[in-house]
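After this come two complexes, each holding subunit A, first together with subunit B and then together with subunit C.
Up next, the complex of A and B:
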């Protein structure tokens, strides 16, 4: 038995070490950099203690970007979940053209975010884009898609929803297809209609998958960057500036490497804590024991 | 005896030819009109042998600067036998891709193409341009502006290959149209003239915004400006503020008071520029507040806007062969200010002739890393890149992003003969550009370490 354990360890060790190297080294290095004053003028890992962390607590722009990110990520993910679930329900039972419909739904997810962001920016270009042509035809006049804070936020959310609803759709469809048939047969025999079946059978049975899908998407949405970078550059003003974009500005544009590392570490800690709490709440609320 | 004399003459000619790099070989296969003799010429490079050596270059993405970098790298390879690797990087990544290898003691690139205002951050990593290259005819022809831009602490460490500045562009067909002139006069009470002040600029923009003055069925607008966040908007703002904040009689810093190092950005001159910038935004095209450089180029170059002010791109776009407004545009100096803030006296001074402050902004440049083991080859490449024949060709291709930076480029005939520009248009272009280079009240970009925190 002991020999078996030793063999297991020997075989697992290389992979484990590589994994640790890939995950831990950048993390530890980032933490170390966050205690340095590395910038464009003073390169290298000097030691300035917690100066960067002290600075970020007084950095209103960082905290604003974080709360803005929360609003954008929450709204996007909820919309993606609702739409993704709806589409999955549609395709789940549909027999005709099921395969082609599923592929069509997945196309947005398979496109490159930066390329799609460029296309969306063109669509929402207020002088030349078709979005305002359409708005004009509908009698809505010229909408300041990218030059008004609220509209710019709507555009960022819209693009994210367009791109990532298919991901929700895919996960939830897989979940629906894996559900046992018996509860649905029992509900039908008991005379339950489609709405009652959904709320009493489908939704509870899908709860664990829903929680997983929501958490995965929240993690992804909290890193939203390409869309903001290409479409609004965080503007107008700072109205669409998210945490990752702000960290990008500080780190790679202003080249305040040490400070950006402190921002990244703080952001990571906040995200781990927040997402853990959200996962617990969702599990407690949605997943019934034995589901 | 006769035979000996002839042989001697031929030998002497061969020696002279070799020393000047001049030969009769036809290099037009490289797309140039003719090789121009000199130490950077095709013939001179052809005489060199860099076989077995590799040159690593980092440059911008294709096409702006990236395309000529790659083109001339390929030609250099063919002529010298060197292997040249060109890495193309999107602009947002370029700064860190250059700086990180330097900061981490890597010798990643021999030659760098980048924004000239980064000299404050990069100067300690750059090799001085050798005397021989500084004395070459091509370099001697570079205007004082761009020699200064390439110089740090009295030493030339950047190799000039582009000349950028902001100037005004406007539609001559509209400004000279009697119906438009009448409409303008009836609305403002004054004649329609090319704006001499920023107040006039805003007034013209207001009158010509929101209606179809071009007759193509869509609304036109008075002004297109680079106003998008993080998309070179700083240059547009400084263009507007410079005339109010740069007093010709006040010395000792434009962005900072050089005695106290107090930032001057909140002084009344800059504030006035900002106020007029905000006022103008009411008359921009829909989405104008989110116009990046590409939008501004398209808006003016495509005929949507009456005026704009930035680099050459929009002008070149307007002058494309297929442009509907080709030869209906002209260049002029940036508008000025009748009242200029004097920080010495703490008062506004009134000027009879509007104060102009030409803004020499941005500009691509090149340099050689001081860690390069191939500095000889690297400088030869840059010398070849910017030789007279190549530059003449590059200037004619708008997407290359190479703009006039030599005295010889300010010859109106060049633009008329080579590109078919109208004579008056070509004259307005070269006069505007050359007058900026000789102005005594020029404004340059801030060039301090960490400049990207201030100018984005």
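Up next, the complex of A and C:
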């Protein structure tokens, strides 16, 4: 038996070492760096205790970026979910164009975020962009897309929705296609119309997949960075600055490595706790036990 | 309640070289008002196709379907007033049992007080009245299946109740009680009931009339007793009864049928030629072991014995080509021994090319 355990260890060891090297080492190193005063002037792993963390709790800009991130991520994920579900319901029964729509919908996901962000920035350019031409034609006047904090936030959300709705769509479509037929037949026999069928059959059956899709997207959206960087650079002022972008500024622009590490670790802990709670709540409300 | 008529109903999902590839060959069938019918057949014989045509889920490629003389072939499922119970229990998981039962009535925009009355009636009938307020998703499969049935029964204008193998996912113990409950309910209310199954016991205990199907065709329709005693087709002999009917190659000489040179019966009317490829069929229940050898007893060697507790199934060898089974109430002879067996003369049936000869 002992020989067997040793064999198991020998076979598992390479994998474990790689895992350790890839995931755990950077994580542990970051934690260590966060307790150092490593910056452009004094590079190196000295020990300054919790000074970085103390500074962080007083840093209003970080907490603002975090709450802003929450608002942006929440709004865009909800919009993506609603749009994605709607589109999936539209093409679900449609057999003819399913393949072509799938490919079309994949395009936004496949484009490089930086390239499409540049294109969107051009679209929303105040004097050159077609967005304001359109607004002018509709009699809305010139909209300060990227220079007004509320509008800039709208643009960031819009671009995220444009890029990630297809992901929701594909995930939910796959879910819809995997549903059993009988409940729908039963609903038809019971005389339920499309709206009743949706709320009593489709939606409850899709709840587990919805929770999965929402969580995956929330995790992804909470890391939003390239879009902000290219379109608004966090501006005007700091009004579209998200956490990862702020960490980027502190770490790579100001080169305060120690402080950025402390920010990252805090961000990670907050995200893990928050997402776990959100996942629990979603599961409790949408997916009923035993259903 | 209604009388259902299928007129020339047939369905092909695909066609080969322009010829329809029938899953269900065109057929006529009438289900009388208030009757209970079972569609019995192996998987893929077309029984579910037929049921889906009746419920309107499938539009047949040819033929018409009449409910009380009214053509409903092109009507949607909702308008046909049909109740259907599927193989897997379907409940609305977010609703209570009460809400589940009330759902079809809500869809029909019935008044609240009327709904309440109907739901309580049906709940009482199905013994669901004590769990009316519990959430439907937590129930056991058999209760869920009762709810599916209840959603059909709650509408008082239901034309026919269709059941597509509703007991498949139910535990054997509960299966028995649920089956009895289904029969009670259909008997008490006089619903027209069509029950699809591949389990002959289920079909035989539930239905007054059993429709045996095979390869997209109706092979025989009759009461359980008729099907057991007089299979009109070899397929029915095989499919109904456990173990299935014994078939033996036989020869005809001047109207007398011989198996292994022993006369087993006379076929005068059929006027068969002497070289006809006839088969003799007999149920294992009607083959007996004899104490003494008579002119009509076969000499047989016991190959194996399956003890079923209250009876035994004995496999014996009559010759190199012929093995038959016996179902014995009395003690079985030991394996390897030789015994004499006789066939009950009035229970011997004859088949030519798979079809019964009278």
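Everything that follows uses one rule, which is that the second predicted complex is superposed on the first by the 280 of 291 C-alpha atoms of A that agree within 3 Å, B and C clash if a C-alpha of one lies under 4 Å from a C-alpha of the other, contacts with A are read in each partner's own complex, and residues count from 1 in each chain.
Here is the rule we go by: a residue touches a chain if its C-beta (ideal position, glycine included) is under 8 Å from a C-beta of that chain, and two chains touch if they have at least 3 such contacts.
Computed from a predicted model, the values in this text were never measured in an experiment.
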Q: Please tell me, clash or fit, for subunit B and subunit C sharing subunit A in the overlay.
A: fit
Q. Between subunit B and subunit C, which makes contact with more of the residues in subunit A?
A. B
**Q.** Touched partner set for A:237, first subunit B, second subunit C, both or neither
**A.** first
Q: Check the residue A:195 against both partner chains and state whether it touches subunit B (first), subunit C (second), both, or neither.
A: neither
Q: For A:40, decide between first (touching subunit B), second (touching subunit C), both and neither.
A: first
Q) Between subunit B (first) and subunit C (second), which does A:10 come into contact with in this model arrangement: first, second, both, or neither? A) neither
Q. Taking the superposition as given, does A:137 touch the first partner, subunit B, the second, subunit C, both, or neither?
A. neither
Q: Examine A:204 and indicate which partner it touches, taking first as subunit B and second as subunit C; both and neither are also allowed.
A: second
Q.
Looking at A:186, would you say it contacts subunit B, subunit C, both, or neither? Reply first, second, both or neither.
A. second
(Q) With subunit A as the corner point, what is the angle to subunit B and subunit C based on their C-alpha centres after superposing, as a multiple of 10 degrees? (A) 150
(Q) What does the superposition give for the shortest Cα distance from subunit B to subunit C, in Å? (A) 51
Q) For subunit B, which residues are in contact with subunit A within the complex? A) 92-93, 95-96, 99, 102-104, 121, 228-231, 285-290, 295, 298-299, 304, 449-450, 452-453, 456
(Q) Give the list of subunit A residues in touch with subunit B in this complex. (A) 38-41, 43-44, 125-128, 132, 142, 144-147, 229, 232-237, 249, 252-256
(Q) With touch defined as at the start, can you tell me which subunit C residues reach subunit A in the complex? (A) 55, 57, 76-78, 82-84, 86-88, 90, 92-95, 103-104, 107-108, 135, 137-138, 148, 151-152
(Q) Residue numbers of subunit A touching subunit C in their complex, please. (A) 180, 182-183, 185-186, 188-193, 196, 200-201, 204, 288, 290-291
